[in-house]
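In what comes next, subunit A is part of two complexes: it sits with subunit B in the first one and with subunit C in the second one.
Entry: the complex of A and B
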């Protein structure tokens, strides 16, 4: 198996559905810890780009909101404004915050890997017409952005804007938007006519794609499904409750198997990425 | 792979999904699943609803021109989402619904949410945004006649849609955070989101105020000029 970015989008989608789905719908502390560690590791190793401030802030806000808003639980830590702050609510708040941040990071990696061409590949199978509209809309976005800049420059050259006037700027923005709409609609009809002239609607639409579904994609899909199923089976055997008091049931062997399966699942992309980096180093060393 | 070329099958799905699948999912979620997995159920319902309308879109015979106009409106929504603070997605999907039909409104709203999240970040909220914006568009399409005739009604619809969008997304925030619905959480989420709610309502009002008439004229003109 290669790193996730080089696999077939369908296999990657199955993987993320399993890993993020379990993280989203499960409050088991072991699973949440694994998910948080896995998502952060993968994000650091090569999944995504961007800062961590938002994640940190979100975690802090969510963790504080828990005990402030909920007064369930039997272990009172202290009383704040006549409202008891309980240990259970604090732990539940931290767990919820961890879950949300983990899912956020899984999705950030997902967004970085699932580029729009891969999405089109997936949707093209679901509905060819939908894929066509999606690809046209995606193509129009940069086109409109460039055209808006041109219109704005032309209007500026005509001397339509004063300096430092918020209302004027807003009206100018609306005018540019209005011109853009007219241009876009006309352009759209021309595009449509051109499509028809080239035979749109004459037969079944096919798609160009560079994503063959190979043996290793099958292996990745099966591995993801198997590990997800094992985790779910394991989770059925363990019961963890936050309210009214924190209780942990006895964990049978199958429960441990479930945790191990989820650990493997969350570490899979990091391991693949690491393997690829290692291979690359070896190849470079041979030169 | 999952294309549904069979017309009859698709028609069956369109009946089965809203009247059998969604109620069954809710019932199973409320009774069978452990710990009342509202989140899982709501996620499933949102996905099913969006799929339902996408199959409808596939089924309906749509000319190439109308198809491209829908794509243009969707792209305009995405471009408009880059405007700081004021977001015209709701206003534009309402306008698309008024002049191109309810299905187009649903499509523009939901697909704009899906595609613009490639720029603003995908997340588990994506299906809920798709559903919320889609439904706002759909409803506007069904109310097209009165909304087109009376301007104040359209502006009121915009304000109500902004508030409804915020309220709907807060239901989802609470479900995600607490794992179940609690009024305590919901009210505090609503209170925390008041600036956003006001901003949604105001930007819908402003965009509908400025764009509804000129955009309607533009769309009507295109429809007359090219016979869409």
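Entry: the complex of A and C
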């Protein structure tokens, strides 16, 4: 297996569905911790881009909002404005904040890997027709935006905006919009010609893509499915409650297996990334 | 055996008074390269579309079309490739690889086969480097090559091209032509090319068809076809410069087609005792209509400068042409002069007043008007009459007559007609400085001449005209002065005779024909006059 970006999008989607799905619907503190650590680690080593301010703010806001809004729980820490702030609510707030941030980071990594053509490939597996429509839409939407800008500039240089005032600008916007519709229809005629000229609608279509599904994609898919199943099986054996008081049930061996499986699952992309980096170092040393 | 035979084809659009095609007969040999010339509206597109059953227009058809010995309706779409004029609109999908595969998907080929054919074609066309790019990032020339490649993957037996280079700059157009010629030579693919831009295409073809008002008066190998056009000025003006020169000097012997043959023709038949024509002194007013000083402009902070300290002065009453390659900043310069893009350094003065002092859109009231490259962006209404009423324009104010077009939708007009209607809308603001962005794109030779006439008329009314263009022949024919923009700087300015005589590559075909033999003969007319001055039996007068 290689790093996720090099795998077939379907295999990658299965992986993310497992790891983020569990993180989303489970409040078990062990799972949450693993998920948070794993998502942040992978974001750091994988192709994740962008700052962390939003994540931090979200975490803080969620963690504070929890105990402020919820007054359940038996252990009162202090009273604020006649409202009790409980230990359970504080812990529950931190846990749900962790869950949200972990899911956020899983999705940030997911979008960094899944470029538009990979997503399209996924939809294409569901329906070739849908894939074509999406592909055409992905082309048309930015095209419309650019044309709107061009039309606006052309109208301005024609002197069609009489004054710098809001009503005139609004009218101008309406004009641009209406002409954009006509232009779009006109575009559509040529595009439709080009489609039938290349035999669209003449018979059954096949669907081509540039993502082969190799042996290792199968391995990745099976591994993801197996680890997710193990985690779910393990989670059935443990019970953790936040309210009214925090309780932890006895954890049977299968529970531990579940935690281990999830630990492996969250660390999998980071490990693959590390393996790849190491491999390249070795290869370079040999050269 | 003829791959395609057309016999006595007559076609009438529903409701039309006259047929669009009349008694057209011709045949294409397998593996031949045929060029079809003719002005806009002469029926080129109608004929091409009738040969492609999926695009065939509705109407009344008599005569016979035989393709590969059968009726075209029985031939699958993949067998006849068709590439139209618009590079952008023909593309269906968002990625280059998907576009290449589109036709093969329609044919229902298995994925492996598609992969092989697409890979092969991408390698052949040299598009591996942008194989997985979004199509929106491609240049116009690349888009058109992609359109050709996505037709070629289906391995057609006949390739129909409807003015494929009309929207391209000269370099991309030459690239495209070379690719088409290469395909024709290397695979023996039969090509039928309808084209306005004949300078490169005619020397390459095996047969030249000329359509005129739906009839086919000329159908012969190019040398003979070109020689037969002596008394047809409206068809001749579209021909390569060598052909025009041949007829202008009352040519004898075989008609030259290419620049090389033109040079041989001139040196074989004429001396060069008189090397140049007396040049009229260039005069211009001293009042600048547009002045740029050290203008620097970029679109985003992290992007490089598009205009890099540009200096340019255009004087009142001048017709100035600014030439330059793709990405040299030509359109940006116009946008800056029209106040649509703000430079971060330098000064722009329009009609003697800094552009920043024009407040409240006053720049566009009796000041500046810009005719954009894509003239369709100018139109807002459903008919031409409404368009003109929209801007309070009376018909008699225009230097040309648009009344035959009043009831038509602006989008249904030909490129040349659209250009004139858009120009009319632009003129309604009564500009003193008129900016034109690629005004001759997609126009046929005859319309171009008419357009030059209109510009001259405007100039007579005291309007200053600045046009940015790729079209060297247009600039040479109409400009008072020309400038070359290179990497955001104006590197040379001069009157056309000097400007194009100095340039060795960025110059007209007439100049390339006479270069080193005559001096400053940049137009066909000048070259012809020099040839006649040097005609044998005539005493040198200089």
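Odds and ends about this structure:
In this text, the second predicted complex is superposed on the first by the 263 of 287 C-alpha atoms of A that agree within 3 Å, B and C clash if a C-alpha of one lies under 4 Å from a C-alpha of the other, contacts with A are read in each partner's own complex, and residues count from 1 in each chain.
Simple rule for what comes next: a contact is a pair of C-beta atoms (placed from the backbone, for glycine too) under 8 Å apart; a residue touches a chain by one contact, two chains touch by 3 or more.
In this text, all values refer to a predicted model and were calculated from it rather than measured experimentally.
Contact with subunit C, but none with subunit B, is seen for A:210 once the two complexes are overlaid on the shared chain. Of the two partner chains, subunit C is the only one that A:158 touches; subunit B does not reach it. When the two structures are aligned on the shared chain, A:129 is found in touch with subunit B, with no touch to subunit C. By the document's definition of touching, both partners, subunit B and subunit C, reach A:138.
In the superposition on chain A, contact of A:199 is made with subunit C only, not with subunit B. When the two structures are aligned on the shared chain, A:111 is found in touch with subunit B, with no touch to subunit C. By the touch criterion defined above, A:7 lies against neither subunit B nor subunit C after alignment on the C-alpha atoms of chain A. Of the two partner chains placed by superposition, only subunit C is touched by A:150; subunit B is not. Taken together, the two complexes place residues 116, 128, 132, 136, 138, 143, 178, 182, 186-187, 191, 193, 195-196, 200-201 of subunit A in contact with subunit B and also with subunit C.
Those residues of subunit C that touch subunit A in the complex are listed here as 52, 54-55, 76-78, 82, 84, 86, 88-95, 97-98, 101-111, 114-115, 118, 132, 134-136, 147, 150-151, 154, 335, 338-340, 359-361, 364-365, 368-370, 372, 374, 376-380, 391, 411, 425-426, 428-429, 435. Subunit B meets subunit A in the complex at residues 1-3, 37, 39-40, 43, 54-55, 57-58, 62-65, 67-72, 74-76, 78-80, 83, 107, 111-112, 115, 117-118, 121-124, 176-179, 184-185, 188, 210-211, 214-215, 218-219, 222, 226, 228. Put simply, subunit A touches subunit B in their complex at residues 10, 20, 24-25, 27, 62, 65, 69-70, 96, 100, 103-104, 107-108, 110-111, 114, 116, 119, 125-130, 132-134, 136-138, 140-141, 143-145, 148, 173-174, 177-178, 180-182, 184-189, 191-193, 195-196, 200-201.
Those residues of subunit A lying in contact with subunit C across their complex are 116-117, 120, 128, 132, 135-136, 138-139, 142-143, 147, 150-151, 153-164, 175, 178-179, 182-183, 186-187, 190-191, 193-210.
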